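Next up: some structures, all given as structure tokens.
After this come two complexes, each holding chain A, first together with chain B and then together with chain C.
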Partner chain A sequence: MSRADAPTAETGRRTRRPGGGPRPRKGWTARRRDLLAGYLFVAPQLLGSVLFVLVPLALVFWYSFHEWNVLVGSFEFTGTANYERLAADPALPGVLAATATFSAGLVALNLSLALALAVLLNQKLRGTVVFRTLFFSPVAVTLVAWTIVWRFLLQDDGGVNGLLSAIGTDGPNWLRGETTAMIAVIVVQVLKNVGLNMVLFLAALQGVPHELYEASMLDGAGRWTRFRRITVPMISPTILLTSIITVVGSLQVFAQIDVLTGGGPGTSTTVLVYYLYQNAFQFHDFGYGATLSVLLFAIVLVLTVVQWQMRRKWVVHED
Partner chain B sequence: MKTERSGRAKLVLYGLLCLLAVPFVFPTWWMVTSSLKPANEIFAFPPSLWPGDPSLDAYGRVFDFAPFAQQYFNSMYIAAVVTVGTLAVSSLAGYAFARIRFPGHNALFLVILVGLLIPSEVTIVPLFQMFNSWGMIDTHWPLLLVPIFGAPSVLATLIMRQFFIALPVEIEEAGRMDGLGRFALYARIALPLSRPALGAVAIFSFLHSWNLYLEPVVFLSTPEKFTLPQALTQFVDAYGGPMWDVQLSAATMSALPVVIVFVIAQRQFVEGLAHTGIKG
Partner chain C sequence: MRITRRTMVAAAAASPIALAACGGESDDDGPVTLRVTVWSANEDHLALLNGIAEAYLADHPEVEAIEFDPLPFEGYTSTLTTQIAGDNAPDLAWILENSAPDFVTTGALVPLGDKLSSTDGYDVDDLVPAATELWRHDDELYAYPFSTSPFAMFVNNDLLAEAGQPTAAELAASGEWTWERAVEAGAAVRAQTGADGIVIRDFDYSGWDNLSTLWTGWGARPWSEDGTECGFAEPEMVEAMDFMHRSVFEHEAMPGPGTTADFFAGEAAMTVTQISRAGLLEDAAFAWDLVPLPAGPAGEYSVIGQAGIGVLAVAPHPEQAADFLAFMTGPENSQKLAQYFPPPRQSQLTAEVLGQANPLLSPEQLQTVVIDRIDEGVVKPSHTGQAQIDQAVRAALDPLWTADADVEGVLTEVCAAIDPFLAR
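Now for the complex of A and B:
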């Protein structure tokens, strides 16, 4: 663009509002050039989104209506057969129960621990920055490395049971019992990432005006009342944000389960993502894998929408 | 809530914080120190907090059992390319959505936002089929393309857009007076000012790529092409049992670069990730 164009470019920008009237011809070219720049700037992201997100999403639905075994090489339209199979799948109730337990446990533990740590670190106390770093540090450790270390610590003769026997109790063989394996995958995952939510909560807590607490103390409100009546409502937007992120994230957990339990013992920690992976890439049943993908997508969508709706109910203020 | 505390209350608080910190810190500490121990000392109880006879023996064996240097390089270059690619794609799109009112910008923004709702786990089956038909199975292309354009990049675009919206338009006026075109305004004025947002996106997309596990497991089959997370699980003996000392040395090496960055640039790291609010 030459120097002479500049003032007209400016005019073009100003008259952009609807009903701006006819523009000078030169302004049109400058404006057009600007609009073209807009399309060119978003083009990579837009085309990438279409190619690697939207087209695959459409294909997932399309594939789910097909009998498709990669090994056999069959690809045949079978209507809703896969969905009928889904409804009758004897393994599915267990998988959904494991998914629900894992997600609910993860979200509950993650959010409450994150909030507790944030409240502890929000005290007038020297050295809280050091503790913030320590609680956050697992985020920096490679996910699989973190999980491998925990698999070692959770063995029957590993560090966790060593610690338990030192204080006089016998720990279970964590990864071999159905309930304890589930607890283990939840706790290991929470410890890895709770630092993120903690930092978000800490920032929110620091934004609560101090006067609110002072006023309520004059009213004689206790510590717990102040927390419940002031802190929680004031940081409710952050609670909503973190819970949406954590819920959706919990449905994507794959590596930790693959490394720690391989979905076992039995199928006790086989969550939906893991079941999807097994069907598609171990049993090579792409048609049913796609059907399970549709189910996973539906769950993510419903949970996100439900939480977003809930904000009207209990999020006190927004921004 | 900040209140004055007595000495004893402080002591209780410090004690509680120290106790809570153990499960966060001990695994990493134990991983690093055990990687320096001989295999029999790893299982010793009570666990030694410091190796009695530190040796780098297991580190050497990591490279005997697997093409670990190659795998390390794979992870490094893939994460670097994903980071640079995400920064370019998301800052361009974020800038345009914040600054240029082209017809349809709202609709197009919504189209892109849909990506946030669709984790790559949902689309892994068709993605496999697509990359298969392009002859890209057992190559690094899927590990580069999907993160640069998929959900992580959509989040990055959202972050960049928010940042540019908050950046005063007046800053660009002088540049426009000088007759700068859009790309020059973006590259020479907006981009240099957006370092905090770029930093957040860089940390988050590097970590995302560095930790990626499902995609390499699905797309790669040759050990020379593996990335670190996948490689770490491969150190097993003839009976399928893990070779702990070798595995822990490899795990320590895989964690090293990010932990070093975390220690050096702790503030940017924590605030950057808090800014993106990545999934957990």
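Now for the complex of A and C:
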């Protein structure tokens, strides 16, 4: 900054303000060229973000103040009518409860399983590479294909119950019971994505200096104490990162619900994004769909800010 | 770092100037291209449609091309409405019967009456009134029901014989072809062969409107004729659904929720579906028959599934589209379409015309199952705001599909769930 703000020798010779102060040169200084090059480099990304993120976001807010029925061809400004409808929507409490159950279940199961797998597969044992690949491979599978296969496996006469009956247990009709359907949707999603968090945790674990463990062992710390006092604090930034992306991802679940349960049985697995989809794309009510999107946006924003703020309390290196 | 206005301008200028290039298709006087959304990607269907389009293009220089754009059947209406919302509406669209009221009564379609009656040789009076009823609003026709296909029962005679049951044709001949008897036969097949009994195709404990192929036999209906009163809690419906419930959970004559059985793969003794599925039996390894739906307590009946084609009000070229629709559905082309889709024209509802399309079906089968039934057929349920009602009924019906369900209680809840929508 200071170099560019200071008058160059050339500037000093050629231009003087009436007040006598130096004035920056209008030509192409090296700094300006650097700046321009920088902006040119970020321009495509910036333009993409504006076009495909900011503009749609603004439009969603705008649409949420309208009644927009595509079939009828109506688009009328209705003020806060959609928000009043949102506040009085009798289906919304159930939808939010299903969303909260799904998110809580998914985040808890995903993070604990990912961490457990990462710790297990961080040992120097034969075959860990095979297992790492095995647990990570679902991440690379197409989501819908993965879910369709699970739909077959979870049928009453499907593979999961076949396996259970082989060991002498009768499994439930997974996708037809309200509780079992929710469990099934959560587990299918966890198995799909747990590998990603596992890899992130693995990388973090491998970054923990070995001397710390050696020192603590000399001090007589057991396996659990070492995990709690050294491992967890040292990888806490990764725990923060994975929890934020998992929470945000859990709130955006759609394809799994659509393929596995269609929001049922009853409305037990109708989460917010699925309800939004129903209103906008099945009931042709884009205005109310946009209002639900704004609600979703607000929820994601609040949860992310809360997690970010809480990091000071438990993430090491964040003082 | 300071961001000066000039650098911002430079950054903006560096970006592709693509924005300015964005814009709709130019609407000059040159030849136009018509786009038609359909849900069939069947090559034979598309070849037939393209053949009709080519014949039209030969005489109509104002139209340059006609594109048939197959969308997946799953979510067809959602995709179509999303295209409309995205300012990318097709000119013509196939419309499913269950969304017919939403399209017909809302001004989403262009009225066709004047165009059709002013087209030489169209013969509007040949259209069967029962077939066009769903597609009319205030005495005006908004879409042409190019496919009007009754539901019927396909029967696997081998499985019935294996279970020691008479064939459906034998039961029909002796006047015993009733739901009660069909379920008895289905239960016997299940108990003795392990295959499933009766599959109401596409129901799958979700597509409840397919159950109209059963409850109509009890004289039940989901809502009153004017669409304002719920019919789910009426005695006829309770009786029909109780019958269905017992067939599934007590007699095990129908596969339960979460299980699948494909009749056409020989996994079930009977299935309720439309005749267009007969093609799946071309290489069937079992003896089969096609018979009308069994009689219910209210007597014999039939249920029709329909598909219409209409011109969207927001179509880029509505006039040319309406003209093509009149050409495509006139007597000559209607006969060609009859190869795959039973036509709504009285003069073409003959075993001979329908036989061209369905070589696997005998003239008797076509006569008893299709021709005799189109006039009196009840069209599958539909209502304005069908998607919301559909969703509400599905969710409220879910508790019915457990062994210990309180049928009447669940159906009362269904009415409570859809009353607000019916009242609109």
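To be clear about the criterion, the second predicted complex is superposed on the first by the 279 of 319 C-alpha atoms of A that agree within 3 Å, B and C clash if a C-alpha of one lies under 4 Å from a C-alpha of the other, contacts with A are read in each partner's own complex, and residues count from 1 in each chain.
Just so we're on the same page, a residue touches a chain if its C-beta (ideal position, glycine included) is under 8 Å from a C-beta of that chain, and two chains touch if they have at least 3 such contacts.
On a predicted model such as this, the values are computed, not experimentally measured, just so you know.
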item: Partner chain in contact with A:Q282 - chain B first, chain C second, else both or neither; value: second
item: Touched partner set for A:T304, first chain B, second chain C, both or neither; value: first
item: Partner chain in contact with A:N173 - chain B first, chain C second, else both or neither; value: second
item: Chain B versus chain C as contact partner of A:G263, first or second or both or neither; value: second
item: Contacts of A:A97 with chain B and chain C, given as first, second, both or neither; value: neither
item: Which superposed partner A:Y39 touches (first chain B, second chain C, both, neither); value: both
item: Greater chain A contact set [chain C / chain B]; value: B
item: Which of chain B and chain C A:K124 touches, first, second, both or neither; value: first
item: First (chain B), second (chain C), both or neither touched by A:V72; value: second
item: Which superposed partner A:Q252 touches (first chain B, second chain C, both, neither); value: first
item: Doubly contacted chain A residues - partners chain C and chain B; value: 1, 35, 39, 42, 44, 46-47, 51, 157, 281, 286
item: Partner chain A, residues of chain C touching it in the complex; value: 1, 7-8, 10-12, 14-16, 19, 77-78, 81-82, 84-85, 102-103, 106-108, 205-206, 256-260, 313-314, 385, 387-388, 391, 394-396, 398-399, 401-402
item: Chain B - residues contacting chain A, complex; value: 1-5, 10, 13-14, 16-17, 20-21, 23-28, 30-31, 43, 45-47, 88-90, 92-93, 95-97, 100-103, 105, 108, 111-112, 114-115, 117-119, 121-130, 145-146, 148-151, 153-154, 157, 176-183, 186, 207, 210-211, 213-214, 217-218, 228-230, 232-233, 242, 244, 247-248, 251-252, 254-255, 258-259, 261-262, 266, 269-271, 273-274, 277-280
item: Residues of chain A defined as touching chain B within the complex; value: 1-6, 9-10, 16, 33-35, 37-39, 41-42, 44-57, 59-60, 63, 110, 117, 120-125, 127, 131-146, 148-153, 157, 159, 162, 166, 189, 191-197, 199-200, 203, 210, 213, 223, 226-227, 231, 241-242, 245-246, 248-249, 251-252, 254-255, 258-259, 273, 276-277, 280-281, 286, 289-290, 293, 296-297, 300-301, 304
item: Chain C-facing residues of chain A, complex; value: 1, 32, 35-36, 39-40, 42-44, 46-47, 51, 68-73, 155-158, 173-176, 262-267, 278, 281-284, 286
